[in-house]
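Presented sequentially are two complexes of chain A, the first with chain B as partner and the second with chain C.
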Partner chain A sequence: MNMWWKIIIFLGMSAVIVSAFLTASPMRAANSLGPADVYRIFYFHVPQAWVASLAFVLSMIYSIRFLKTRNMEYDTKALTANKLGVMFAIVAMVTGSIFAKMTWGEFWNWSEIREVSVFILLLIYGGYFALRSAIADPDTRANLSAVISIIFAVAALFLIFVLPRIYSVFSQHPSDSIIDKSGQITMGPTVRMIFFSSLIMFTALFFWIYNLSIRVARLTANKLLENK
Partner chain B sequence: MDSNYVVLSVTLIIWVGLFFYLFSLDRKVKKLEEKNES
Partner chain C sequence: MPTRSISWVSKSLAVTRKDIVSEFRTRYAINAIVMFALVTLTVISFSVGLLSPSKEILSALFWVILFFASMSGLAQAFIKEEETGTAMILRLSCEGSIVFFGKMLFNFLLLLTLSILVVPLFIVFLKVVPTDWTLFTGAVLMGLIGLSGATTIIAAIVSKASVQGALFTVLSFPVLLPLLVAVIEITTVSFTGGTYADASAPLQLLVAYDVIMITLSSMLFDFVWRL
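Take a look at the complex of A and B:
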C-alpha cells in the first residue's frame, strides 16, 4: 500500500469520527431508548461487525483456494483473515455491549439472541485456533483448518445475519437500521453519508491491517526457515 | 453537548495513536523485507 492510501485512511477516518460526534444524533430523541447521543456509536458498531463478517468470508475464499492449489501461502492468508475477523467481532461485541447498557439497561443478557449468537461465534472460532495449535504436521493442519474455515464462515454468516432475524422474538436488536424490509435505505442524507464513509474507512483500515499481518507472518516464516 | 466533545477527543486520540502505530509498523516491515531480499 502506498503513501496516498494511508493519508486517505487517516483523513477519512478522522473526518468520520469528527462528524459522527458533531452532527445531530442518528436517532431522534422521541424514538430513542436512553439518551439519543448514545446512538452515535452506531457509526462504529455496525462497520466493525461488517468487517468481521467480511474477514470470515475472505478466509473462506482463501481456504477454497488452498484446497484447490495446496499452496501454503493461502493457508497463512486464511488464518490471518480469521484472526482479524475474531478481533473485529470482539470489538463489535464490546461496542454492542456498551450500546446495550445505555439503551436496554444491561451490558449482557443471556436472553438477547444477538449477544448469545456472537458468544457462540467466538466459541467456535476459539475451537478453530485450538485445533490449529493441536496439530503438529503443517500439511494436515492446513487441510483441516481450510475445511473448518469454510464451514465456520457459513456458520458465522448464519449467526450474524440469519439467526437473530429468525428468533426476533428474543431480540431487541433492530434489524432494519440500514435497510428496511422492502430493501430501501432507511437513513437520512447526513446519516447515510457518514455511515457509508465509515463503512468504507473501516474496510480500508481492515485491508491495511490484513496486509501488514500477512507480511509479518511471511517474515516470521522466512526467519524460522533460516534458523532450521 | 459538552460530553460529546470529551468522547470525540478520546476517540480521536485513540485513532491517531493506532494510526501512527500501524504507520511505523509498516515502515519497519518494509525495511525488513528489503533486508531479506538483498
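Take a look at the complex of A and C:
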C-alpha cells in the first residue's frame, strides 16, 4: 500500500514536471507580462498555495474535533498539519515572489492582498508555535493551541475572503485564471490536464508526508511512554 | 428567564466593578497603557510631526499608537488573576461567560480612558482635526469594542503560558489585522472629509468583525477558562 503511494506520486510528479516544461506555455506571448515562459510557474505555484490553505483548514478541523473529544490524537494531527502548512506556505511565498518579480517587476508588494495574506499566514503559524513552546503541560498546550487556531482561522477568513472583496484595488491576482465568472473552466485542454494533475499530485504529496509525520509522531509518543 | 438574564448582567458588572476597584488600588494597567501611549505619541510627533505627513498616514499612526498601547496593558486582566491566585476563586464563583463579558467590559473601559487622553493630544500635537466627528467617534468606539472583544480571550490564553507580554502581541496581531485595516480606512475618511458612502464597506466589515469575534470568543472562552 505505502509502496504504491510512493511510486504513484513519484511517477505523477515527474510527469507533471516534465510536461510543464515541454508543452507550450500556459500564457500566450501576446497577453503575458514579461516572457511567456515565466507562466509555467503557475503549474507549481497555485497547487502549493492550495496545499498551504488545505493544511490550514485541516488543522482547524482537527482543532475543533480536539475540543469536542479531548482526544490527544487530534492535537497531534492539527500540529502536523500546521508544520506542513508552514513548509508549503514558505514554498508558495517564494515561488509567488519569483512570479511577481518576473511579471509585475517587484518581489514584494504590500498592496497585493494575496502576498500579504500568505505572510500573515506565516505570522499565524509563528504565533501558534510560539504559544505551544511557551506552555509546558501537554493537556493545557493542546487545549489552548486548539482554541487559538480556531480564532486564527476566523481572522484568516476575514483576511483572505472578505478584505479582497471589499478592496478590489488590493489584488492584482486574476480571479478568472482557473474559473471564470460564469463558473466555466477557462483553461485549454492541455493546460487543464497538467494543472489539475499537478493539483492532485501536490495534494497526494501533502497527504503522504502528512501520513508519515503522524506515524513518526505516534512512534515518538510511544517510545516516551516506554521510557517511563 | 428575565430574572436570570438580569442576574447574569449584574454579575458581569460585578466582575467589571471588582477589576475597576483593584485597578484603582494598584493603577498597574492604566499607568502602563497611558505611559506607553504617551511615549509612542511623542516618538511619532518628534519623528514625523515636522514632515507634515498626509492625513492617510496620520490615521494609520493614530491606530498604531492605540494598538501598541493596548498591547502593553490588556493582558494584565488575566495575568494578575493567575499571579495572585484569585483566578480559582473567580472560577468557583461564576460561569465563564460572566467572567468573559466582565473582563471585556473592563478592557473596553480601560481603552476608552486611554483614547479620551490620547485623542486630544494627538489632535494638538499632530495638527489634524477630524472633519466628521460622528464618523471618527464611531470608528474609535467600534474599534475599541473589537480590540477588547478579540484580545480578552487571548489574554486568558496567554495568562497560562510563559513569556506572556511578547506572546500576547504575537498572538493578537494576526487576529486584529482585519480590524486595523477597516478602522484605519474609516478614520482616514473622517480626517479627509469623505462621505459615508466612502466608509460604508469598511464599516460593514468592522461591524461584522466585532459581532463575529465577540460571539466566537464567548463561545470558546470556557475551553480556556475551565481547563
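In this text, the second predicted complex is superposed on the first by the 213 of 228 C-alpha atoms of A that agree within 3 Å, B and C clash if a C-alpha of one lies under 4 Å from a C-alpha of the other, contacts with A are read in each partner's own complex, and residues count from 1 in each chain.
Going forward, contacts are C-beta pairs under 8 Å (C-beta built on N, C-alpha and C of every residue); 3 or more make two chains touch, one makes a residue touch a chain.
On a predicted model such as this, the values are computed, not experimentally measured, just so you know.
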Exercise for the section: Could you say whether A:37 touches chain B, chain C, both of them, or neither, answering first, second, both or neither? Expected result: first
Exercise for the section: Once the structures are superposed on A, label A:72 by its partner contacts, choosing first (chain B), second (chain C), both or neither. Expected result: neither
Handout entry: Most chain A residues touched (candidates chain B, chain C)
Key = C
Exercise for the section: Would you sort A:24 into first (chain B), second (chain C), both or neither based on which partner it touches? Expected result: neither
Handout entry: chain B versus chain C as contact partner of A:221, first or second or both or neither
Key = neither
Handout entry: Which superposed partner A:123 touches (first chain B, second chain C, both, neither)
Key = second
Exercise for the section: For A:148, decide between first (touching chain B), second (touching chain C), both and neither. Expected result: second
Problem - Contacts of A:8 with chain B and chain C, given as first, second, both or neither - result: neither
Handout entry: Residues of chain C defined as touching chain A within the complex
Key = 150, 153-154, 157, 160-163, 167, 170-171, 173-178, 181, 201-202, 204-205, 208-209, 212-213, 216-217, 220, 223-224, 227
Handout entry: Parts of chain B lying in touch with chain A, wherever the complex brings them together
Key = 3-5, 7-8, 11-12, 15-16, 19, 22-23, 25-26, 29, 32-33, 36
Completion exercise
Residue positions on chain A within touch of chain C in the complex are 67, 120, 123-124, 126-127, 130-131, 134-136, 139-140, 143-144, 146-148, 150-152, 154-156, 158-159, 162-163, 166-167
Problem - Of all residues in chain A, those that touch chain B in their complex - result: 1, 6, 9-10, 13-14, 17-18, 21-22, 37, 40, 208-209, 212, 215-216, 219, 222
